[in-house]
Amino acid sequence: MLFQPAIIALLLASAVSVLMLAAAAPYAWQLARHWDIASGSELQLRLERRTYLLSTLLTFVFATQLASLLLFIFNADKMAVMFVGAMCAVGTLNANAWGFPALFAQIAVFFMAAVWLVLNHVDTRAYDYPLVRTKYILLMGILPFVVLSFALQLAYFLNLKADIITSCCGSLFSGDAQTLAADASALPPQPAMLLFYGALLLAVAAAIFHARKLRAAYLVAASSAAAFVVALTGILSFVSLYVYEHPHHHCPFCLLKPEYDYQGYWLYLPLFAATAAGLSVGTIQPFARVPSLAAIVPQIARRLAWVAALGFALFAAVATFMVAHSNLILLKD
Amino acid sequence: MIKLTNIRKAYNQGQHNEFWALNGIDLDIEANKVTALSGPSGSGKSTLLSIVGCMARPTSGRVQLAGRDISGLPERFLTDIRRSTFGFIFQQYNLIKGLSARDNVMLPAYPLGGDWRALHERADMLLDTFKLGHRCHAPVEWLSGGEQQRVAIARALINDPLVVIADEPTANLDTVLSREFLSILESLKQQGKTILLSSHDSLVVESSVVDRVVRLRDGHLPEAAE
Amino acid sequence: MKTWIGKQQALIDFTLSSLSRRKLKNFGLLLVYALIVFLLASVMLFTHALRREAALVLKNTPEVIVQRMVAGRHDLIPPGYIEKLGRIRGVQHIEGRLWGYFYDPVVRANYTFMAPTAGTINEIQIADSEIVIGAAVARERGLEHGNLISFRSYTGKLFVFTVASVLPHDAELVSADLVLLNPADYRAFFGIPADHYTDIALSVANPQEVRNIAAKLSETLPDARLILREEVLRTYESIFNWREGIVLVLLSGSILAFAIFAWEKASGLSAEEKREIGILKAIGWETGDVLKMKFWEGALVSLTAFLLGYVAAYWHVFHFSTALFEPVLKGWSVLYPRFELVPVVDGFQVATLFFFTVFPYTVATIVPIWRAAITDPDAVMRG
């Protein structure tokens, strides 16, 4: 199974990311230890130049992670034809125990990376680079997750056997199965919709409130995280049904297929962007107390809060549009 | 306007060829005046110019620009200050070959990302003041030495800096062109620019345009001059 | 935002002029880069087009084919066999088929002889002594509508047919070698007794039920071999992907060589280029600005090379029939004297190709670019 172009590409990208971060780690460690902004010594000048390399490398690694997250799902979808019982990405990811963990690890790395990049941006705006230590220690914290993501991907692809009979979205997301995903999709549409719009409304409101009054940053982060989870649940439990116009087809991936005009991207892109922005608002909040960041953090947080608010609102609007345009009727009034 | 306190600058720090180019410089540079650094080559003139001009950071000591301590700033912010405050004229002119005179003049403004059309107009205006309007599309390597220097001066002025720094500006010019340069300096001074230059050309050092001469030797200021 | 755009515009402007000032050096890089894209894109476009042709072929085939085996060999379906299947739930349609291969010594190629069956693309009525032929057959034998052609059958008897029509060009792989004739002619030509068939086709409406039906069939008919369409599709898919993957692995040497080449180009800056970057830094460009400028340069070069290579590969595959690697990649089924693939461009493939070309290029150039960008601003003053 390894000799598939997309699999080679994914593993290559993942391995290069790990290698790059691993190569950067000693420098990050050195930066965290010897950084002294007040010094004019040549060591400090060298470290300063190195921060440019590290930021560039990381931006690149994280862009790669984002691209490979998309490619990973795309590939899973394409490979469905090779597994008995698989109709879409769900079946492929289910072909062994590593598929979904690999996907989740990649999503986690994506969010960590996004938050790190925001932190990096904040730091370089302040004249004394107050977050250098925090940043590079955090970076060393992200490294294990990138390694884990690579390891899970490798395990997943190495263990793929074409003759495996897998179960696809039909059985995984049916109300009878005993999984978390099944619980989510078994949620009856009415409470699911209430929860869905409630959580999104809260996230949008918190973000707008923060953008205007610069308060409740942690609420923005928490409500964004909650909105992300609830939004995925909502997609499973009712949005997908309306898109497929089928009362039992709960699937978060088929939405991305050309058969459904790639509608899923309109849902997922704003959702991921909004969640990343919302999480970042909370992450940079503690640094508003640093004197040189006192003016910068609110300014950036405000912009991020707007991104989160617009993203969630767009997501809700797209989902509503899909529901309204569907011929399926789930709720009778 | 610019105040230097106990500036020291080392190269190859911690290695066997460690070398201190500047060894404790205290200097005040007044606004709106022409200050000349003079001294033999290797005395640290260029290093001092690069520290004043935010091109390099001192190994120790403080640089204050209009009361603000800028010696500890990282490169990103030093560059920011440099772009808006200083214009540089180099001994070798340092124009980019293959680019037209006008493109060369506009280069320092690129990272600022201002209005593209306004930038072109400003460059043309500057070239006109230096009587280069007719050559604005010519590649710089086609220009004569004097013209090249005038392009370099126009380039130094494109971001409308407060301070103009010139490193050995007349080293490659004959007497006529040197006098012409001094008259340009005079007009810049009248526009209210602060000028700092290094030179060991007596024509410049003894010129009436220069308000103050600072003598430098082995990275020291031997005595407070004039 | 406006200043940001203005800045990028200025940087791109400078990048373009800087690229054009070093035409020769950049042209070499561009050429090698485009060549790599061309090679990889050719492989990918070709296999993808084959895969699609295969899918097209299979789209019109029945979900299940039943062949009768005698002593482990494929045998004719005797009369009464179809009735033995009886009624199976979920099966829409059962039909005996007549088809087989015929070797034509004149052009040394195999044709597929087939009697048209209901419910397929070949659902046409053909009169006695008439045939409908595929485009490749027509081309090889120089046939047109209304011409006469004779084939010597395996019994030694000469049969003369009139060409009723030639099948359309599109999806040539599906029909290129096809010769259609009516069942009576078919039986006479191959000497197959009446009521015998070569195999049985079953169409099933719900794809989920195919496996259950197959299980039932193998119980009722222990001497039957069942061929499921989804199995064939899966096999094709993995064979093509595997082949494509192997070729890519073989080409990985050249990707690596290219990455090293790019690395060397990026780190071996000429004295002139170093001086330029030094000047830029001296007159107020920041390390980040130089990095951005260099990345614009990389993006422009990559995009140009990618477009050039991809368009060239597209022509190579779809207009010149992949002249360069046909022997390596095709190798399936009989001779196809000349066949043209239906052009397909797939976003997924483009993304994968991007990963194989632009990604290594970027990885190879990051460090050299950074090295160039950190030139000290006062370097030009120190001479």
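Side notes on the structure shown:
A, B and C label the chains in the order they appear, each numbered from 1.
The rule we apply is simple: a residue touches a chain if its C-beta (ideal position, glycine included) is under 8 Å from a C-beta of that chain, and two chains touch if they have at least 3 such contacts.
Computed from a predicted model, the values in this text were never measured in an experiment.
Comparing per-chain C-alpha centres with the mean over every protein C-alpha atom, the closest match is chain A. When you average the Cα atoms of each chain and compare centres, the chain farthest from subunit B turns out to be C. Just to note, of A-C and A-B, the chains joined by more C-beta pairs in contact are A-C.
Distance between chain centres (mean CA atoms), subunit B to subunit C: 63 Å. Between subunit A and subunit C the centroid-to-centroid distance comes to 33 Å (mean Cα coordinates, whole Å). Inter-chain centre distance (subunit A to subunit B, centres taken as mean C-alpha positions): 49 Å. Multi-chain contact residues of subunit B (touching two or more other chains): 75-76.
Among all residues of subunit C, those that touch two or more other chains are 287-288.
Touching two or more other chains at once are residues 49 of subunit A.
Remark: subunit C residues 44, 211, 230, 233-234, 237-238, 241-242, 244-246, 248-249, 287-288, 291, 348, 351-352, 355-356, 359, 362-363, 366-367, 369-370, 373-374 touch subunit A in the complex.
Against subunit A, in their complex, subunit B makes its touches with residues 10, 12-14, 57-60, 71-77. Within the complex formed with subunit C, the residues of subunit B that make contact are 46-47, 49-50, 55-56, 75-76, 79-80, 82-83, 88, 90-92, 94-99, 103, 107-116, 155, 159, 167.
On subunit A, the positions that touch subunit B within their shared complex are 37-38, 40-43, 45, 48-49, 124, 127-129.
By the touch criterion given at the top, residues 2-10, 12-13, 16, 20, 49, 52-53, 56-57, 60, 64, 67-68, 70-71, 74-75, 78, 81-84, 162 of subunit A touch subunit C in their complex.
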